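Multiple structures are listed underneath, in structure tokens.
Below are two complexes that have subunit A in common, paired first with subunit B and then with subunit C.
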Partner chain A sequence: GAMAAAELLVLLLVAAGPGPGRADSGRERRDTLREELLLSPLPTGDVAATFQFRTRWDADLQRGAVSHYRLFPKALGRLVAALGVRELHLALTHGFWRTRYWGQPPLQAPAGAELWVWFQPTVTDVDKAWKELSNILSGIFCASLNFIDSTNTVIPTASFKPLGLANGTDHHLLRYAVLPREVVCTENLTPWKKLLPCGSKAGLAVLLKAERLFHSSYHSQAVHIRPVCRDASCLAVSWELRQTLTVVFDFFASGQGKKDWSLFKMFSRTLTDTCPLASQSKVYVDISPKNKEKELLEVSPPPTSVHEAVVQGDRKTYAVYDLLSPSLFNTSRSLNVQLKWKRPQDSSEMPIPTLHAQRYVGGYGLQTGEICTLIYNTHPYRAFPVILLETVPWYLRLYVHTLTIITKGKENKPSYIHYQPAQDRRRPHLLEMLIQLPANSVTKITIQFERALLKWTEYPPDPNHGFYVGSSVLSALVPSVTAMKDVDVEQSPLFTSLFPSSDGSSYFVRLYTEPLLVNLPTPDFSMPYNVICLTCTVVAVCYGSFYNLLTRTFHVEEPSRGGLAKRLANVIRKFRGVPPL
Partner chain B sequence: FQDQAEQFFRSGHTNNWAVLVCTSRFWFNYRHVANTLSVYRSVKRLGIPDSHIVLMLADDMACNPRNPKPATVFSHKNMELNVYGDDVEVDYRSYEVTVENFLRVLTGRIPPSTPRSKRLLSDDRSNILIYMTGHGGNGFLKFQDSEEITNVELADAFEQMWQKRRYNELLFIIDTCQGASMYERFYSPNIMALASSQVGEDSLSHQPDLGIGVHLMDRYTFYVLEFLEEIHPASQTNMNDLFQVCPKSLCVSTPGHRTDLFQRDPQNVLITDFFGSVRKVEITTETLSLDRDVAAVESKFPEEEVATEPLKYAEQLPVAQIIHQKPKQKDWHPPGGFILGLWALIIMVFFKTYGIKHMKHVF
Partner chain C sequence: QVRLVVPVAVVFSPGSVPGDLPRPLPFRDVQEMEIPVNVRSSVTSCYEMRYRSTTAQEEAALAAATAREADAALHPLQDSTLGSLTMYVLPETSSLLPQGTNVYVGKHRSALLRAGGSVATLQARLREVAQLMSFTASAVAAALSDRVPDGRLSPDTRRSLKSSLGYEITFSLLNPDPKSHTVDWDIEGAVNRYVKPVLDKLSLVANFSVDSQILYYAVLGVTPRYDKESSSFLLSAHSLPHVINPVEARLGSSAASLYPVLNFLLYVPERSHSPLYIQDKDGAPVSTNAFHSPRWGGIMVYNVEAPASPQASLPLHVDVDMARVMEVFLAQLRLLFGLSREEVPPEFLLESPGNEGLADWELDHLLWAHTVENIATVSTTLTSLAQLLDKIGNIVIKDDVASEVYRAVASVQSAVTKLSLGHLHAAFQASKEAVTSSERAFFDPSLLHLLYFPDDQKFAIYIPLFLPMAVPILLSLAKIVRESRLRRKEPTKMD
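This part shows the complex of A and B:
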């Protein structure tokens, strides 16, 4: 009886449900979803897969009370409106992108958690809004972003210019923080997937299974929110939410002998249908020939089209699978893209990227050390500038007078330096420099530091693991090999419209170096207990002895008559004739 | 039928919460994380949603570099059961699992900016399950190898919860060495407690997995998990069955329990009162018609301002602008009181020593 009534109610609700939908279908939708997957084989035999899900909402989140959320997630929309956020970029990464061997990344993020936000000029207390924002995001993404406070937040003056529409860049509205110790696991992926309109049930997101994604060399998931031009005339503002996920599958970890890849081998599943809410859903495979020779890579099944684009200054060819085209799922119900190498790869063919960098800690012992950064410019004849941003925690006391920048044996003076020294327990060091890199050179930047001794309550529960120094950020305009034309953002693939391009002769790239792990001098944490025991023992023994000596009185004791045993013994001794006890 | 109806209304709670805490750090304490995750899995399976579960894991085992199968935590050897799952949500991770945060979650004295998923928003009609595991001793439980919580503190925290009416009934389960010492000091009503071992006994681990290289679960929680796998949301199993789980022959230690503070008879307390979630459904026969006119909602959008000239993107690396960024003029501040006082003292001493006649040489 009860079950039938419940079913009746559910049926009535369902009948009333599609009514408003049908009335609405004729009107223009204000938000759109595009999803895309880019598979790029890397020179070392690994393969990188980049997912991008872009929701564009033709509404102004900042003004007016928006109450009807459709594709744009309500959690993020309300956050942007309530805290006056103009741009938000949050990335959670596990692993490191090896630029030297893998090439320039489409969008790199440093190991751990990185959060940088531009606030609207109307926000009066930016620090308070920043603290609230990091707490709310830590609840949404199950990450310890609430550890972001003034000891790891910096205000960069030259890097991290806004990626969206901006009319003025007062850098006091920018905040940047990185947490290198942050772990990324399934509990961070789950809420990220829940923000997608189709969840992980349809479309490209069915491939996102945690057991395969975390068994990789590099996994980076990010959320980017920014205002963009609504159309070519750019008179109105739309809000764009991009969720990107980059994963690099290791050839060696997969355990197979051949270097061939397929969707099933990477993700242990294949694509079966599209997300009904997406207006565009495509898979791109990078089949660019290396050294302008014949193709190296063969893809199957045959792609729906081939697309050529200039990406990161180089002409590249992509095989495109359009999941919305009806011919794709005609022959088989699932799409399993397979990549096969036509001829074996030569290790001498590995191209070296134009800009790459490396960072390490030098020195020995637990008192001093040195941070060395090497930046390589491998372009044969062009020089270009690069901005280096370093954030060093306060417990590594930098000595700026030991900063040396050497290129080709000579000193290289930066055109712009911004240094903000640290305040103990309040603010980290910030060092920003604009360095000109000559063609075909290596630049070495070294700075010495001294390690501080923390108070014993400030050590984390595992102090012998070491302390992390966040990655440094290199932002550069690298000269392109092929000039890039201005293309319409809506028609081009998503991975070409990440950074707004200004002119075609160079492209913008942001690289991160390795994070560093330094050991601080740690005390023996059992010493407080030892000291208390020792002190109490010494006090008890000394004071106790003195007290006894001073207050003890002596008196003569009557000899006791003896117990039973003694009396019996005396009786026997009397018989023997020996004196009694 | 009468008995069934009576039983439906016997327990006075309307919602269920769970606070699951693993207090150990480092890879060799894998089994404590697996313990907590297996209780999390059972509790989710029986109906408590993630928004009502506060899960605290002191270290990350699933994505630990030493884990040969990333994103998994197994409870049975030969990798039979992955208790980590695909949709886990951990509220307090890694360094956030401290005694202070645990007590703040229980008593509700949380800083105002804490997100909802990290709060225990229980009321006086909530049944709360609290599960703790880690390394412990006689009267204390160790948090992350650096601090401890004592049984007195825990009892006082529960008393604060009682006085603030934050629970209807509370089930406390602890799986550590000498676990029974942790519930000895409770004095608030409506608390039932279970422990894996008595004072003076150690709780032992169950089985190692040679592929992963560590012990996967503790014995007591392993048998509790096996017991809970048989429970479904409508089962009528009661607490007396839970007390029988893991006798000394299987567990090597003697599990204990304490029911003197609990008002109902354990025979009448269902397992799903604490491990499952109550959904009191009211059936109605009246119909509701939803508003068909969405146009009214959409037209509430205020008219947007259209800019007169096109907006543009910022330049990513404006070299000229950066180089000519003038450094902020440092405002001249008058010298502070201390400096003024110091100089005044120096000048006074000078003139007192050498006499006023030197003034003309100064000016």
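This part shows the complex of A and C:
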């Protein structure tokens, strides 16, 4: 009986085993994992690597007392369910993405930590949930997100729309905070990797080796949770967790002037196997020719396929390596994608992105100053609007009447302004503006501020380092040069599908400017102690002499033999033969 | 100071009344027993026996063919408040109990027992049954384990979980080798079928939440030893403590709640290490292939049958037999709550609790233990709060903290009174409130003692004042000493 049963089992297994849809035979899976790596050479010679891991779960996280997790991480799932989160975006970034030189990023994030969350309409006390959420997240990701409080939280009205499914955009359910001082390091990466179903044991995540990732010009890791449509008819909700990680390696400096690179050079690892849980695992290499006629670069080994797409207004060509295709690992045990330049690339033809921005602090002295933002629209003939979001801490007191927006020498009136003044120690300044950028123009926005004096306990350690002002956020629908086709979001590569594209003629861009470092007048922190010391010493000296005066007993003393001087004088006198004194 | 009163009704069926009964039925009797905890405190347990004879309905119910049927028939006739017990004394020759068993403990709060020859044997038997069905001295001592000096408790008593307002139960399936095994478990169905009835019953004790997860590439911290004879891998008992740590890092324990977590792990060993068996201390394989860790949870190793033909394609599809797994996990759950059925004398027969996994009297058992533990916790918390206040004189107690302390004291007093009246449920509720209030008071952020500037540092700041001021004083003191010494010498010179 047992033997027969075992045989039957084997038969069943054999029948079910080698299907085209790996592993998931028999039962229908309700969650899927897709992973992908995008390698794009940047115009300056650096290389950007963008990892995206997408876990999609066809279940409603909001309901149900009992939850059973498979690929979706339990820690985040419980968080979403317990706190009524509709959408969560957390990014931890080290370094700054130079849009001017590196081009439009697939996903940019401001330096430090950024967290923005949409809550469900059922949440009654959003501030409490927000506080609790940031505390829990700081525990999960080992980041100082617990420093998010009312002094750095704002409620933007226009800049941050839900990226997922939403049927109401009441911005009171939104909270946004940036901690520009946050330093990102290994201790943040490890918990991030732990959320991946395969950990860092298999698949693309093998490449995520901390010592290489943090030896780079830019490192940004993010977690995006949002509800999405389950299918085209959109009758049911699925939950999507996107974990993205972007690194920029500087090869020009470290690679003896050569721009050639390979996976091994970047990560000191190669890809050897796939994550058995992933239903898609692909490596994309950007091989778009810069000018039409000549192919400048060469990738090896030969890619499985070539994918052409219009990404952020540009026609791009990608060499695709499908790790799940059996032919890939047949020829060699491991995959080490290499890229060689056929001839040196002349840097004069560096393309300039349509929209980029720059920000700095002006003014001198420690009392007043000026924040200047320059926004460039390099589109030859199209004007477009951009939403600018500024959050400035309360200790920089903005003078709103000094706000000037100048384009091509003329004043540019914003069509929408939302300004929320700061309250000391309570909330920051929030300034949101919708500005029209004329074609081929530079717009200069300046606003003056005065530095406030802090209480001496409010200064952070090392206050002479300066105080950070978080990046300002630019959100725009940039008109594209080449027309885009409507593509199925489920099929297209992940790096194109986080932001919804409205129509074929424009694409959504969100840019962050540089964070600012402002010097505030800092007191001499040792002063109280110095004062205590000085006054105490003076008091003590006075006391001492007074005490001596009071307690000393004075009595007249007969000069007996005289002092040392007298004796010396007598010795000399003796020598001279003169009678002593 | 704490008196635990258990109301016990002893019902004599016709023909079972011993001849040497001190008084005619019905009558009352109180049996007290001191349970020493430590040098200073002790707990008094007190059984309030009410002896009476059966009513006609009960007689009819006792006429059933088997003990189980009698138990079911008697259930609606009993006083069903929590903590109260009913014992039916049967004639020595009754055929209701099987041969060799003298005591039958039912599913609810009643027991059937043979009369025994004399009052003395009957009373001894009654006491034994009452202790089994309410609390034993060791259970009370375990509940007060914080106060019992070390070494007096057996390791078993440290196994059970601390009393808490809620627990989180997490079932995790560990699949370290997803390349070779695709493991599926119908955890949702299993939780509904096996775990939920138990938790529904336990919901009186605490809130429970259940969830599950699957962890891939999660390996145990120990490399098992290969045994040639059985061509299997072995984990010895002494290496088990090292198994949990690397796994625990991935379990992602509760970020969103403060309740303790009970982890139940099902480990499917990787292909290169299977089959994997756990050995006990003597080297014999453990039949369940599972072990538990006190106050943490349990781990079960689930071996996958090796495919008959080696060319069977990978990954192997594995459907977990949830009945087998849940049987082990539920047994571990009972152990973690201190509901072991092992220490029962041989002449006792316990009715299996059936689908609910828990008899009514076992629930009482938990409630007694948790109530005592809660009272102990509250008194510890309030004592340490008082100690803190003694240490820092200028600490500020806000009104809400003060009212929480008052509420905690009032609740704990009411819990103690309710216990001495035998109202178990009310006492438990009061003790729960007392714990909540006392914890809220103790963990109030305003009572952080680091917020208060310690006095010694204030002195340090004023050292620049005190030190120079001390110099002339010390000098003049030295001078006085010198002068007085001189003066003492001078009179001798004068002489």
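Heads up, the rule we're going with is that the second predicted complex is superposed on the first by the 506 of 581 C-alpha atoms of A that agree within 3 Å, B and C clash if a C-alpha of one lies under 4 Å from a C-alpha of the other, contacts with A are read in each partner's own complex, and residues count from 1 in each chain.
Here is the rule we go by: contacts are C-beta pairs under 8 Å (C-beta built on N, C-alpha and C of every residue); 3 or more make two chains touch, one makes a residue touch a chain.
None of these values were measured; they are calculated from a predicted model.
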item	value
Touching partner for A:541 - first (subunit B), second (subunit C), both, neither	second
Which superposed partner A:551 touches (first subunit B, second subunit C, both, neither)	second
Touching partner for A:581 - first (subunit B), second (subunit C), both, neither	neither
First (subunit B), second (subunit C), both or neither touched by A:184	first
Which of subunit B and subunit C A:564 touches, first, second, both or neither	neither
Partner chain(s) touched by A:529 [first = subunit B, second = subunit C, both, neither]	second
Chain touching more of subunit A, residue-wise (subunit B, subunit C)	B
Which of subunit B and subunit C A:136 touches, first, second, both or neither	both
First, second, both or neither for A:68, with subunit B first and subunit C second	both
Residues on subunit A lying within both footprints (that of subunit B and that of subunit C)	6, 9, 13, 16-17, 23-24, 27, 65-68, 136, 139-140
Subunit C - residues contacting subunit A, complex	170, 178-179, 182, 184, 187-188, 191, 209-214, 216-217, 249-250, 252, 254-257, 305, 307-309, 312-313, 315-317, 461-462, 464-465, 467-469, 471-473, 476
Residues of subunit A touching subunit B in the complex	2, 5-6, 8-9, 12-13, 16-17, 19-20, 23-24, 27, 59-60, 63-68, 94, 131-132, 135-136, 138-140, 142-144, 146-147, 157-158, 161-167, 169, 181, 183-187, 190-191, 209-211, 213-215, 229, 233-237, 385, 387, 415-416, 434, 460-462, 475-477, 499-500, 502, 508, 525
Touching residues on subunit A, where the partner in the complex is subunit C	6-7, 9-10, 13-14, 16-18, 23-27, 65-71, 73-75, 78-79, 82-83, 136, 139-140, 194, 197-199, 201-202, 273, 276-277, 529, 532-533, 536-537, 539-541, 543-544, 547-548, 551
Residue numbers on subunit B that touch subunit A, as the complex places them	25-26, 60, 62-63, 69-72, 84-91, 93-96, 113-118, 144-146, 281, 283-285, 287-295, 297-298, 300-302, 304-308, 310-319, 322-323, 325
